[in-house]
Amino acid sequence: MLTLDFHPVGNHFLQIPGPSPVPDRILRALSLPTIDHRGPEFGALGLKLTQGIRRIFKTQHPVIIYPSSGTGAWEAALVNVLSPGDHVLIYETGQFAVLWARLAKRLSLVPEILEWQGQDTALPEAPGWRHGVQAAQIGERLAKDKEHRIKAVCVVHSETSTGVVSDIAAVRKAMDAAKHPALLMVDSISGLASADYRHDEWGVDVTISGSQKGLMLPPGLGFNALSPRAIDASNRSTLPKSYWAWDEFIEMNKSGYFPYTPNTNLLYGLHEALEMIEAEGLDTIFARHKRWSAAVRSAVAAWGLPVQCADAALHSPVLTGVIVPNGVDADTLRRTILQRFDLSLGAGLGKLKGRTFRIGHLGNSNDLTLLATLAGCEMGLSLAGVKLGGSGVNTAMEYFAGHPAEVKAA
Amino acid sequence: MLTLDFHPVGNHFLQIPGPSPVPDRILRALSLPTIDHRGPEFGALGLKLTQGIRRIFKTQHPVIIYPSSGTGAWEAALVNVLSPGDHVLIYETGQFAVLWARLAKRLSLVPEILEWQGQDTALPEAPGWRHGVQAAQIGERLAKDKEHRIKAVCVVHSETSTGVVSDIAAVRKAMDAAKHPALLMVDSISGLASADYRHDEWGVDVTISGSQKGLMLPPGLGFNALSPRAIDASNRSTLPKSYWAWDEFIEMNKSGYFPYTPNTNLLYGLHEALEMIEAEGLDTIFARHKRWSAAVRSAVAAWGLPVQCADAALHSPVLTGVIVPNGVDADTLRRTILQRFDLSLGAGLGKLKGRTFRIGHLGNSNDLTLLATLAGCEMGLSLAGVKLGGSGVNTAMEYFAGHPAEVKAA
Amino acid sequence: MLTLDFHPVGNHFLQIPGPSPVPDRILRALSLPTIDHRGPEFGALGLKLTQGIRRIFKTQHPVIIYPSSGTGAWEAALVNVLSPGDHVLIYETGQFAVLWARLAKRLSLVPEILEWQGQDTALPEAPGWRHGVQAAQIGERLAKDKEHRIKAVCVVHSETSTGVVSDIAAVRKAMDAAKHPALLMVDSISGLASADYRHDEWGVDVTISGSQKGLMLPPGLGFNALSPRAIDASNRSTLPKSYWAWDEFIEMNKSGYFPYTPNTNLLYGLHEALEMIEAEGLDTIFARHKRWSAAVRSAVAAWGLPVQCADAALHSPVLTGVIVPNGVDADTLRRTILQRFDLSLGAGLGKLKGRTFRIGHLGNSNDLTLLATLAGCEMGLSLAGVKLGGSGVNTAMEYFAGHPAEVKAA
Amino acid sequence: MLTLDFHPVGNHFLQIPGPSPVPDRILRALSLPTIDHRGPEFGALGLKLTQGIRRIFKTQHPVIIYPSSGTGAWEAALVNVLSPGDHVLIYETGQFAVLWARLAKRLSLVPEILEWQGQDTALPEAPGWRHGVQAAQIGERLAKDKEHRIKAVCVVHSETSTGVVSDIAAVRKAMDAAKHPALLMVDSISGLASADYRHDEWGVDVTISGSQKGLMLPPGLGFNALSPRAIDASNRSTLPKSYWAWDEFIEMNKSGYFPYTPNTNLLYGLHEALEMIEAEGLDTIFARHKRWSAAVRSAVAAWGLPVQCADAALHSPVLTGVIVPNGVDADTLRRTILQRFDLSLGAGLGKLKGRTFRIGHLGNSNDLTLLATLAGCEMGLSLAGVKLGGSGVNTAMEYFAGHPAEVKAA
């Protein structure tokens, strides 16, 4: 890579909402020599990982680990339990819900989209992208589906494109109240291991996740956490599947192995990540991200810019979407910040292209990293001629100084 | 990984026919910090890789790089060009052809199997697994398929389960002679970058490969090299596809990006691998593997054991299958060798379980590594009570001493 | 190290004035397999390094590379050219001059100390530690040394304990004016490769340096750059020497080898560092550090705290010493900052213990790293109850935003 | 290093008697980010290391860890306890004793050399270099030294230039019998952590060692293990010293710190090495090296070449010196083996240049590594036209197959 390494001096600030900055411990674990994925050492590793990952999802049931991106894990969730022509009810909270619907259509499913009903002056292009899933709407739609054509309800737990977290337990409650048999599928790609998540307790049937966010790994691993109902449905599904098929994974994982060659070196990283996460403790990790999130939001407020998430209770602990003033192109702003300050920020996605930017506060970060990030944003906004209400960096410094974290060993 | 590292001292000898030993340069490249896969640095990397990989396949046409195993690349090849109920003609040269047929069936295709017709006293269980593809048989079958129900011919270039390489150009010639429009799909997972391979010149429509063999990377990248006819067919195919769909890859790769989050850190490794391969030169690499192969076969001959490949012209440069005497369980033998000498060998697969073992001679190896490997085998065979005809190690030493390689810088 | 890694999450901010943060490229180079230091590959490496390092010192003459700390390189400079009882004239600009004098005494030399004559209300404990070498004082002392008992003049180019850079060319001029034959020895441990330095042009006889500052390596390499006069003097010196003896180094380095086992893996790092430095260019590097220094000083000024360096022309580009108000203990402050914000700052050394802290702005840093550092300082000062004149972070942000650097590839 | 990496493919075989092959775990530990050597994390590391290293030397007393080569540790031992003109009695068992004497002379000490008295037809150039220290000779000489002008007896425990281990306890016994107050200094650079060594029990006053042999680290750390008598003597010694001075180390190490900047990243490696060594257990490690040594000697015997060590009881567990037939140049042989088989062997040193080569069997090795090494030697000898008595590789294979090691986790 040396010849490709055209970064200026100093470490790059990767503050997009994933891939998140990867800790040195994990990067070095990736570089351990590859072993035989059919040998006994691998079996021990596989058993440890397939058990350990369940504790992160808070489930007693199998979690499938794919050599794939998170998009692959979405596809896996659909093809394992559904059949051509099945309806899936997708609640659009942002771009990833949109992409999921597109994916469903390509797989010969029939997506139905629900979205928040309302106006928004700050973001007229996409008012629904400032809110979470409205469980009541889902309940109403399901109640009308007397023939049970809807086979799955698909919601995004932590919308990476907006910075809004949805109440998954409420969705399950609405589905139960509607007495509808659809499966509940949840994308917690950017939520897992950063925001509170409880696969079993919340009654989720398939949780989809990936390696490159809260797990602090590079991209390359996709996850499906299952429920007994989901496994049962997979026996009746007729969508063609092989690579994604759960059955062989469930069988082979029992002895720590995989049905085809796994992503061995990324699994080394997963092993290291699990050790780090369990040493710190999930509750400490969740609290840490909430604290970061509060500081970043205080900075955005000080700038006088609207945070994309309009519902105070649903602010994402892992990222903050920021709406830029009309007349400012957020992508030009991001480009300036990258070129001048070696800081990568997330773009406004889909219909919000140029209208927002997103600050990731997850992965291998700390108070100073985030202050540096806010400083980069603040300088970039100034250079773009945005008149700021005040110094977000100063506000965040006050927040951090005034709110010490209980720091535990990683 | 430290707590999992229960290897004895010294480096493990990973002499299975892939994953192959990964060079230190590549292992370290894997551990570079993850970057934004939507940023300009990634775009430059992506362009370099998608162009560079074409030179390895010897093609002018797009090569898709998936975050997947090689099995995923198989699936991708099928779902992109075929439709439910399509017939695929698979020539069974070993276990990977068998697995490919099983995969096709799971995807609602109709596999037809051809195999070598003949007897074999040394390996009566699977006589066909000692030979290469018989192009004439394929030609005959296609000639009979007047309705063109067969949409693809699937053959394995380098059968990882047997150590036999097939003549791909001959298959194309037979197809052309039969004037049959089926697409030619070739699995060169263990052949690419170790054995001579020419996607364009040989008229292959889809070549399937993976990262963990001749490219000397860990597993995690799957490849589809395409032809214009294959791309054309992909527009008519009706099998559902999204993750594997070529269209978005072809489009986005033009600017160096990928339709969904790629396997960034493995791509760092691919970059390093391409640099190493091009510095050494493909012809030097092919010659190197042939030399290794000749030495290993001379050792097996000295032991008095049959090499699995029965056709002298088709010996694989990347691995050698060895048939063990009746009464010896090859898996017990391999276990002893692993426990006593920290050497991993490949198992006999499928119907050859326990009947053969396979020696990989690819990846980050050299003369001494292979002599050590042969020494491990020879000691293991002695411990298993096999009466050997002579010292394979001595024979291989004579071969290596007598046949100097032209060594070029890596 | 995993079990010792009790850092909180996120990367530690190592902003002491060395060891400086080491770039990833160099860290990975350190982990390449050790080679035979008597083999041909090492010879090629050794030749490249011993030639390349001369360009950093700007000398045509030999540079000795020791497996040692910078302290060892000091000792080497003295024992190679001096004899027991020789006088050395040391100009005290800070703690490292003091330590050098102590070292000289332990080696049976007679150090004479000169220092700045004057008062200082902000730092009454050590007024001289706010200024550079006064060449005139040296000239006067030498002029009086008619018997030439003083054999060496020892000055520190970049005083790591104070943040003051001295004018070395002026010292040489004063020595020449006094027509005194003493050798000129310069400690540029923290100056080399960060601040302008010219061994030959400035007429230095021995320059002492180390690996862990501007070269961006871990500690473990010490350097002596020589002049012909120094080499000549080494033939007459009677202090016992063996490990440090130049003669065998000069001889063996001609073929790229070393008289005893060198620090091979750190030499890999040096190789990488030289590649990075030469790719960026020394002038760009010097300008980069000056820009950082200006921003940090602007922040300290905004806080209303005195910068330790009292002479505007001599501000160090690599570190800034900050004097804390009476009643504040700088070490308590640093401890708070470390515990709360995972930021390491330099302590006030020697007689300034608790009176100052030092901010390193060298090594693998960038604008955002330094803003984060200033934020950590600013929050720590607030927590310590120091009433600040304003936000240093804001001032530095304005500076950085207003003064774009010409960024070149590393 | 990438551009310097002109190795052919495959891992280099570094089978010199040190620097030894470094395990991957240690190489990766070297690449952890450098920390503040004055901060609390370093203090914890320092305490752990300075305590842990005592268990390797089997001492209750301080062990000094220098940022230096082993040669520096020799110099340290001498300058700390001796005064100019002191006599040191050095028993010449090989080149390292010769170098030690030369070093002593450069430091203004008066070395007296004793050596084995006898003839040797196989190695007439250096008959004494095939034997260990003769304690009786030392006793006799000391008995005659009525004035106690001899202040130190210097012996090499494991002669890296010959492959002979000396009986240190016997030397102490002879010194005691002579009632002579000289200090006993022992070089166990290549013995420590590979061959049984007991600093306290054997009554050694100063043990000298280095990092790059049994500790499996790269070069760069030197060690002095002390006795109370040695510490006492250091208070009276008048040789000038500063870098090497024990006093400040002893004082500062109490809190885990060092008097000057230590070699931080190599200390990370030392931490990892201590973890590995203690996990395996010193007794297992010693047995492992003895087993390797026996196999290698059996191979040399099969070739019909004389092992350099003439005393069966004193064969080194860490290396084997091999005498080549007259008319063969061992250095030409080694060059061929390096070029053809990428295997580095040790040269005959000093007066044995070209007459012997040395096989290292230490560090990160295993049975197969050593068989590969022997294969490289055997092919090289054949290519050099040496008529061998038989296949050393076959003999060693029989030995290894017949003598299973008790393998413990590293």
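Quick notes on this structure:
Think of it as A, B, C and D in the order they're written, each chain with its own count starting at 1.
In this text, contacts are C-beta pairs under 8 Å (C-beta built on N, C-alpha and C of every residue); 3 or more make two chains touch, one makes a residue touch a chain.
From a predicted model like this one, the values you see are computed outputs, not experimental measurements.
The set of chains in contact with chain B as well as chain C comprises A, D.
Chain centres here are means of the Cα atoms, and by that rule the chain farthest away from chain A is D. Spacing of chain C relative to chain D, judged by their CA centroids, is 35 angstrom. Chain A and chain D have Cα centroids lying 54 Å from one another.
With centres set at the average Cα position, the gap from chain A to chain C is 46 Å.
Shared interface positions of chain C, i.e. residues touching 2 or more other chains, are given as 2, 5-7, 11, 21, 24, 28, 31-33, 275. Contacts between chains leave no pair untouched here, as each chain touches all the others.
Taken together, the chain C residues at the contact with chain B in this complex read 2, 24, 28, 31-33. If you check the complex, the residues on chain D that touch chain C are 1, 3-7, 11-12, 14, 16, 19, 21-22, 27-41, 44-45, 48, 67-72, 75, 79, 84, 103, 106-108, 210, 212, 218-220, 239-243, 245, 260-266, 268, 271-272, 275, 338, 344, 347.
The touching residues of chain B, counted against chain D in their complex, run 2, 5-11, 13, 21, 23-25, 280, 288, 339-343, 364-369, 371-373, 375-376, 378-379, 382-383, 391, 393-394, 397, 400-401, 404, 407-410.
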